[in-house]
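Heads up, the thing below is written out as structure tokens.
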Amino acid sequence: MGCYDRDADSVEFGRFVTLTDGVFAIALTLLVLDLALPEQAAALPLAQALAETGPRFFAFVISVAVVGTFFLSHHEFVAMLQKVDGGLLGLSIPYLGLIVLIPFAQSVLGEGSGEPLAFALYGALLGFTSIAAAVMLWHAHRRGLLREPLTGFEARLEVARTGVPIVLFGSSAGLALVIGEWVVLFWVAIWPIDAVLARLERRAV
Amino acid sequence: MGCYDRDADSVEFGRFVTLTDGVFAIALTLLVLDLALPEQAAALPLAQALAETGPRFFAFVISVAVVGTFFLSHHEFVAMLQKVDGGLLGLSIPYLGLIVLIPFAQSVLGEGSGEPLAFALYGALLGFTSIAAAVMLWHAHRRGLLREPLTGFEARLEVARTGVPIVLFGSSAGLALVIGEWVVLFWVAIWPIDAVLARLERRAV
Amino acid sequence: MGCYDRDADSVEFGRFVTLTDGVFAIALTLLVLDLALPEQAAALPLAQALAETGPRFFAFVISVAVVGTFFLSHHEFVAMLQKVDGGLLGLSIPYLGLIVLIPFAQSVLGEGSGEPLAFALYGALLGFTSIAAAVMLWHAHRRGLLREPLTGFEARLEVARTGVPIVLFGSSAGLALVIGEWVVLFWVAIWPIDAVLARLERRAV
Amino acid sequence: MGCYDRDADSVEFGRFVTLTDGVFAIALTLLVLDLALPEQAAALPLAQALAETGPRFFAFVISVAVVGTFFLSHHEFVAMLQKVDGGLLGLSIPYLGLIVLIPFAQSVLGEGSGEPLAFALYGALLGFTSIAAAVMLWHAHRRGLLREPLTGFEARLEVARTGVPIVLFGSSAGLALVIGEWVVLFWVAIWPIDAVLARLERRAV
């Protein structure tokens, strides 16, 4: 497979983005399927049936935020790309395979039993997805697919921004077995940390 | 994250639209899943099984109209945009999270028990979605992302068009607890009111 | 809402197409959900469980062909368009609402009981969808949204191509109550008839 | 239907790609639905419930790789196209109908009973999908839709790359009845073989 330029081969470059956006849109929408009222709901007063969806609603909100964060970060990645090659297209398949697992991990999380294993599974999935994203960035950097080569301070910041979620999510997988649902605080910590790094990056440019 | 121009950064601007359109397309399509014949349908004559989907079919039609209205209104919003920034991309995640909840609220509505709480929930969801849309418009206005700054009469009309669904849907959530299914008339009232405001706006331009 | 040109407002024109393509893609994909093996499948030998999906597989093939035909015909319609206005966007919402009903009608058809009512329902849905498509063409013609105004022989051919599915599908709804599953022959007749009209049209141009 | 050029009729050419990408994105995402924990999961410890999804997780990974491979190969096909005509649009409907069957074949495979018939079905589906892809390439070649006509060595290589999956997947369907799950090795063999052919092709150009 060749190498496709953002401007000269807009259809080929575009499909890389369209497939990804499609998967994100569907993953986001599938999250809601897990909210369906329990089958015996007809027998319960509606207020009580809704109350029972509580933990699943919590898992839904977390997952919308998580999928959204991965989308924003993929958007930033593509904004740095000038070209896409066969290797990057190929790497995006396992990345998307991990993204579509998020609704599954969410449904495990929302079962409501609150077992630490469910949180560990979710954290591990987020860790692996972050690794897949880092591999794509690394490939693009190595093959000269970026608009401007990363250099010096910028490059180190980019490594930090890629590494933080790997460390945070990865370690959360192990920690979850000990601290259970409190591990969610680790996942949420990604936003303030990334915001600080993004501000540093903008100042550097 | 940077700021992406409609013409100069067409891929980046486009993804903001593609993700949204994807979510709208899937939300629209998921609405039909709720129509599935009841499991014991095989035991019933088909005509009777279909008759029992009556309330769910009603909820389906309402929801197609509601999702369609939000799509048309988002289309109009984007038509006013020259640029999209990281903030607007970020704000669209909770907005889309609310849009994908519509099939869930529809399934609650279509359970057929006709409890006022189901209508209140649906109305509240529409109210929150309208607020999220208004926040996106406000952000775009404040950050100078619009093609032409809104001024004077135009701006007041735009505020009215944004505020009407918030007030109408929001108040319907409370009212539903009192008047039950009649609250649908409030939801439907949005079309003639918006049509009048749109006509005023076109005359003003 | 304004009027959006294919070239000057490519984002706005494009969303009309993207939403539609998204709904077609999802409707096409949802068709497969109905094929799921019966729950008691685990208890049956696989060959027997598969054999029981026979009527549902037949309904799946019919539906892929039907959704595909509507896609091709919508593609031809858009190829004739220079502009899209708010009215056409609005009309596409009920059209898409009818398209997403096809997987539902398919699941009714595939229940396997072979009741004539299921065929009548399916035929009626196809008839209404064809009417919605005809209304969109009529609107585009009236508001001058077409690239070249239809005239004389061409226009009459276009009316014929729009009218044939309405008559064929519409009448099939009634006939199904009498002749049952044979009505499928009516649905299939659309391809040779349309091919002849398309050939006539190409010769006329 | 006319003939649409990649550059001059970008909307019409684009829809051919958008519909396909949409179906690929949804097929990829539907694969995860099959992973849902068994209904009696609430009664089991989570670790045990997860362990029971083992065979289905294996089927999920195979299917992500398979759908991804077909996507990459369709991407390469479109990169060779200058134009799309009504015939190619029409041929893509049965092709997409086969793609959406993959989640169904996966669910049959993942039932866990490990019957050879399930592997034969999956292999046969991959064989038919490869044939549909070959027919599209053949049509494009015959009607002069390719950017550059295939000639000599290049053409023979392209035939080989198209033929390998047909032979490999097709023969796997029969073999599965004898060797059962070992047939997966045949499916996996497609990657090294195609990589060699792709390298030869690149050298030839």
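Per-chain numbering from 1; labels A, B, C and D assigned in written order.
Going forward, a contact is a pair of C-beta atoms (placed from the backbone, for glycine too) under 8 Å apart; a residue touches a chain by one contact, two chains touch by 3 or more.
Since the model is a prediction, treat every value here as computed from it, not as a measurement.
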Item to check | Same or different residue numbers at the chain A/chain D copy interface, by half rule | outcome: different
Checklist outcome for this item: To bring the C-alpha trace of chain C onto its twin chain D, one rotates it, in degrees rounded to the nearest 5, by 90
Checklist outcome for this item: Taking each chain's centre as the mean of its CA atoms, the one lying farthest from the centre of chain C is chain A
Checklist entry - Quick one: chain A and chain B, Cα centre-to-centre, how many Å? => result 26
Checklist entry - If you average the CA atoms of chain B and of chain D, how far apart do the two points sit, in angstrom? => result 36
Item to check | Numbers and ranges of chain C residues touching at least 2 other chains | outcome: 14, 18, 21-22, 25-26
Next on the checklist: Quick check on the complex: what are the chain D residues that touch chain C?
Outcome noted: 1-2, 4, 9, 11-12, 14-15, 18-19, 21-23, 25-27, 30, 86, 89-90, 93-94, 96-97, 100-101, 103-104, 107-108, 111, 113, 115, 117-118, 121
Item to check | Touch list for chain B against partner chain C, complex | outcome: 6, 13-14, 17-18, 21-22, 24-26, 28-29, 31-33, 35-37, 41-42, 45-47, 50, 61, 64-65, 68, 71-72, 75-76, 78-79, 198
